[in-house]
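In the two complexes that follow, subunit A is the common piece, with subunit B as its partner first and subunit C second.
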Partner chain A sequence: MLEQITYALIVVVIGIAACFLYFWGSNWLLDRLLQTSPTATGTATVRSDRMRTAIRPWLFLAPALLFMSLYLVYPVFATLWLSLFDRNGVHFVGLSNYIWLFQDPGFQQSVFNNLMWLIIVPSLSTGFGLLVAVLADRLWWGQIAKSMIFMPMAISFVGASVIWKFVYDYRGPDSTQIGVVNAIVSAFGGEPQAWITVPFWNNIFLMVILIWIQTGFAMVILSAALRGIPEETLEAARIDGASDIRMFFDIMIPQIFPTILVVWTTITIVVLKIFDIVIAMTNGQWSTQVLANLMFDWMFRGGGDFGRGSTIALVIMFAVLPIMIWNIRNASAEETTR
Partner chain B sequence: MSTEVVTSTLPADRSALRGYLAQLSWGKVAAHLALLALVVLWTFPTAGLLISSLRDKDQLTTSGWWTALVSTETNELARLGTAADQIEENGTWHIRGKLFEADSGRSVVAFGTSFETVAGTLPGQPVEMRDGGEINVAADGSYDWVSPTPFEVTRGPRLFYVVSIPPEFTLDNYIEVLNAEGIGRSFINSFTVTIPATVIPILIAAFAAYALAWMTFPFRTVLVAAVVGLIVVPLQMSLIPLLRLYNDIAGITGGSSKTYLGIWLAHTGFGLPLAIYLLRNYMAGLPRELMESARIDGASHFKIFTTMVLPLSFPALASFAIFQFLWVWNDLLVATVFLGNTESTLVLTGRLRELLGSRGDNWEILTSGAFISIIVPLIVFFSLQRYFVRGLLAGSVKGG
Partner chain C sequence: MAGISLRKLRKTFGTLTVVHDIDLEIADKEFIILVGPSGCGKSTTLRMIAGLEDISSGDLVIGDTIVNDVPPKNRDIAMVFQNYALYPHMTVYKNMAFGLELRHSPREIIDKKVNEAAEILDIAHLLNRRPKALSGGQRQRVALGRAMVRSPAVFLLDEPLSNLDAKLRTAMRAEITKLHRKLDATFIYVTHDQVEAMTMADRIVVMKDGHIHQVDTPQALYDRPVNMFVAGFIGAPQMNFFPVAVARGGTSVRFGDRELPLPARLSEALPPGSADRACMLGLRPEHFHERLPVDVDPAMTAEMDMEVELAEPMGAELHLNGVLGGETVIARVSPRCQARAGDRITLIADLSSAHLFDKKTEAAFGN
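This part shows the complex of A and B:
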């Protein structure tokens, strides 16, 4: 066991050494090969100088570009290609994977569930995040409260699933309920339930987990944005006699609206890719299937159907696309103002 | 703050002021309560996990964790002694014994001779036995079965009792999961995956970020836009092509397609866009004069990068390192696809998922296993929260 960690550490050292060797070595080589010899004439000096300046950025960029091309860009095209082939990626099948997909009940259910996740999780996470941010900034113990609510951000989706599965735990009707939800239900005279097996509502119970995790994220970003509202703006509103509620809706919300959008879209992307929670809690049973889990399922089911898996992955990609374009446009706009 | 405003705007009308203040403080109280409710709601589930993982496993399954600090009562049964154990004292026969060890802190709340009458008799009161004689049970669990005639029972009759068990906390669950359930092994595996997968992308990204921030070359803006776009490409797109690629490579070299090297490189590739984006934004914010004066002094880009930019970018490097660490440590998907589910390489998230399937009802195992898996990110998180928050802000507010 210890050997393994040692092995990992050695790899880290080797990796860093290799990186440095590459960056330092390639730079040295560049300077060496395109050396400005002291006897060279003016034009030759300028030319080799220019070439060095032109090549150097690419030396700095090369490893990153290589990794990103291999692990992100190439797969996008390969997935597109594979979606037109059969399960082993050998025989061309045209659009039949797509036709199959849209008729598959599992897919229809996943799309429906994903849409529900898309509506509920970002809105509630952002809403709770905003609420906590506003409340915490006014109270002396706000910082501690924020830390506590932020904490689930550090917990893995699988860890969170264990935590919440325990909350939803169900024992037979005659036993003592050790899950909080069922204990409360029993205390009020209700009938304990195996919550995660109750179709439709179980989706909501799974969403609670992600809301629990993402609220901290929304809170941190929105809290920073709230603090960024100019004090004069707030002061002016106060002098005009605006109530706290009016201030919140008429001043704060419009002021931080761009940030709310960013938070919303970031959580939307997380939701589109949601996988861990579903596989850990229900593995798509009891009508809780979502796209990412369906894709994972097809990737390995019966040795794996790469054609169908790829097709489902493309649907997720397609859903992310608008946000991606929006992000790129925002970033480019920022770039030009820089 | 609000009260100051009130006094400045309404200084004259004292009673109105008082009324307004009263209203305000109600608002304040509501704010305190609302936030408190949210904090409790958010911490309660994790508290349940932590407390449950420390409880005795029998208590865990019979009572809610919120009762962990009070004694729990459960029904138990014990067999009494037989005629072989009897002794004669002053003309009566006794069978004496203990329902449980006296020093365990347990106490008998009530007892009876059948399941239905389990709560029928309080300790100290005698009860008639079907096999003759009567029995006295003390609260400490010792009993005295008395009969005027010699006993003839060969098989000890059952005695039902309600026992109060004091709260019991133990580390046994942790010892068990670490050894028997393979969590210890997975813990090491998680570290093995996480350390290189966190460190390697940082260097690669830093050089690229510097080039994108401070060097001029064609297509620079296009590349920046591409990086921003790649941040949100779903992992799902990469899985199948890369799995095929890994399988092909394994086929050629004759090795395995599920290797640590494979997952390190995969995490490096997936983490780079965000790393480059974060670092570039930070580096671009470094003062231009600093760079220019260094350039004029004849320092090369390589030198400027290693001696000035890299040290100055420490906060951004730390932010990304925490991100990547948490992301890799908490990842299930990439680990499952590229490292597989074999016993020797299963990481903590994968192990937990497996335990959820195979040991779904053994909460003593699940809770302690889950706690071991979340303790490392929690430590990282709380000790470096400042950097983490800074990274979050840089990564999202600026249009990412």
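This part shows the complex of A and C:
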């Protein structure tokens, strides 16, 4: 144990030292190599100065670029390549993985489920987040409520799933029920159920977990946006005769709409990659399969099929890409208007 | 009818009282300006009239109803904010129409009123723009237009010109005065700029630290300030003050080793037993002359030497900043005066126009 800690510490120290050495050393080297000699003519000085300023940014970017290419760009092309091969990545099979994919009922189920996730989770998270952000400012215990709602953000998806497994827990008809949902159902005279096995609705029960986590995120961002609305426009609306409801929909929402879009798309991207909750709760059984979990299944389970796994991975990537681009555009557009 | 009465109006924030039981009667269709330095409670007073701040105690009466608990939209008022407070996501047209739409006015009426107001304010060509695409002056007009379309009985204006550049401000001053005449409504206007107050108001309310110091017409405020604060606040450059002591049974005052005559108006106002009373003598910059004006009684003047430290040519006049008898003064003389920084010049002070204030209470005598 102690050995491991020492080892970790040494690695940290060496890592930081290496970074420092790289940045300081490379800059020092650049200054040395392109030093302007005191005897140089004006144009020579200008030229070497120019070269120095042209090269320096690349020195800072180089490590990031290197790691980005190694861990992001290279895998994309490798995946693309693998998707054209058979399960072991040996025999070229053309587009047959893609043809198989679009005929596979598991894939169709996953796409349908993903679409449901896409519609329900971002809208409810953003909606609830906005609601809490608006209402919490009017209550004396609003700050406490906001902290409580934000807390799930700090829990990993798997951790949240473990918590919610207990909420949905079912212990067989004869045992004592310890799940909260079943406790409530029994209290009202209902029959306890294995909630996460009820087709269709179990999807919703899984989404509840992500909504529970993401509402906090939406709330924090939207709360800040609401604070940014000029107080005077609200006062002007009050004098103009707007009711609270009209004020909310006609004055507040339009002014924070760009932020709502950013929140919405950010959560959408999280949802597109949804994996942890499904694998921890149902592992895709009982018709709860989603794309990421399907990919994981094909890639690493049952002997592994690199061809089909890669194909599904690419489908996910291309689905996320447009929303990602749009999100980044929106965020930067919002920044420039500030 | 929309006369407004403030009766013992008070505003407290926690333990801090920012408006102290002020009384004020505003006549219907009057143009009244609340003026005072920052933090004097003028904006808070306006916001209480608007209904944006709760009234801590006292009554606010509009027409003949107490409106303390009436929501802003039912007070028949409109407000123009310092930062215009236009709705950024609406076009100019929508900005102006919003209040009418909330009142479910018919389309044609809204259209007619918005176009009328836009015509008057010369913003008809901007109706489809958003506030972001407007200049400060144009935004100001839209804010005015938004208030106008509802034809309220009372317009509340909170420092509406302070975000405009100097030239535009002068132009808008005249426009707002004209607008007041055209709209035939009560205007309550808040500013810290005494020039705006002097040029636009029917009556000015001078406030400081949450108290009203004086309410009067611009000229009366200038000629008969009730205390040193009003005397110093109204008029630019501001009034010069000299510490003096009453002498000769009130017919003159001692200033250093000099003796200055006091006009009958002031000596008669001094209460009995005022001998040696410490006072402040107030003289406006224009009451210093290079040579004796024809309409001034020579007996009521005094020659005084001034060390000029700065001469500011204003074109039509010259402002001499300097020291006179140990006091910093500003004199306003003809631009032909040759005095420049470093010069010593003899000025004739016209004491028939002087003001006299008690040093302790700062209250004026003879007003």
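Keep this in mind: the second predicted complex is superposed on the first by the 323 of 338 C-alpha atoms of A that agree within 3 Å, B and C clash if a C-alpha of one lies under 4 Å from a C-alpha of the other, contacts with A are read in each partner's own complex, and residues count from 1 in each chain.
The definition used in the following text is that contacts are C-beta pairs under 8 Å (C-beta built on N, C-alpha and C of every residue); 3 or more make two chains touch, one makes a residue touch a chain.
Owing to the predicted nature of the structure, the values given are computational and were not obtained by experimental measurement.
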| item | value |
| --- | --- |
| Partner chain in contact with A:142 - subunit B first, subunit C second, else both or neither | first |
| Touching partner for A:47 - first (subunit B), second (subunit C), both, neither | neither |
| Contacts of A:63 with subunit B and subunit C, given as first, second, both or neither | first |
| Which superposed partner A:238 touches (first subunit B, second subunit C, both, neither) | both |
| Which superposed partner A:23 touches (first subunit B, second subunit C, both, neither) | first |
| First, second, both or neither for A:246, with subunit B first and subunit C second | second |
| First (subunit B), second (subunit C), both or neither touched by A:254 | second |
| If touched residues of subunit A are counted for subunit B and for subunit C, the larger one | B |
| Subunit B and subunit C contact sites that coincide on subunit A, given as residue numbers | 238-239, 241 |
| Residues of subunit A defined as touching subunit C within the complex | 230, 232-233, 235-242, 246, 250-251, 254-255, 257 |
| Touch list for subunit C against partner subunit A, complex | 50-52, 71-73, 77-79, 81-90, 98-99, 102-103, 146, 150 |
| Subunit B contact footprint on subunit A (complex, rising order) | 1, 4-5, 7-9, 11-12, 15-16, 19-20, 23-24, 27, 31, 54, 56-58, 60-61, 63-65, 67-68, 70-76, 78-79, 82, 89, 128, 131-132, 135-136, 138-139, 142, 145, 147-159, 161-167, 169, 176-180, 183, 212, 215, 217, 220-221, 224-225, 238-239, 241, 244, 259, 262-263, 266, 269, 272-273, 275-276, 279-280, 292, 295-296, 299, 306, 309-310, 312-314, 316-317, 320, 323-325, 327-328, 330-335, 338 |
| Footprint of subunit A on subunit B - complex, ascending | 2, 5, 9, 27-28, 31-32, 34-36, 38-39, 42-46, 48-49, 52, 60-66, 184-185, 188-189, 191-192, 195-196, 199-201, 203-205, 207-208, 210-212, 215-217, 220-221, 223-225, 227-244, 260-261, 264-266, 268-270, 272-273, 276, 284, 300-302, 305, 326, 329-333, 336-337, 348-349, 352-353, 356, 363, 366-367, 369-370, 373-374, 377-378, 380-382, 385, 389, 392-393, 396-400 |
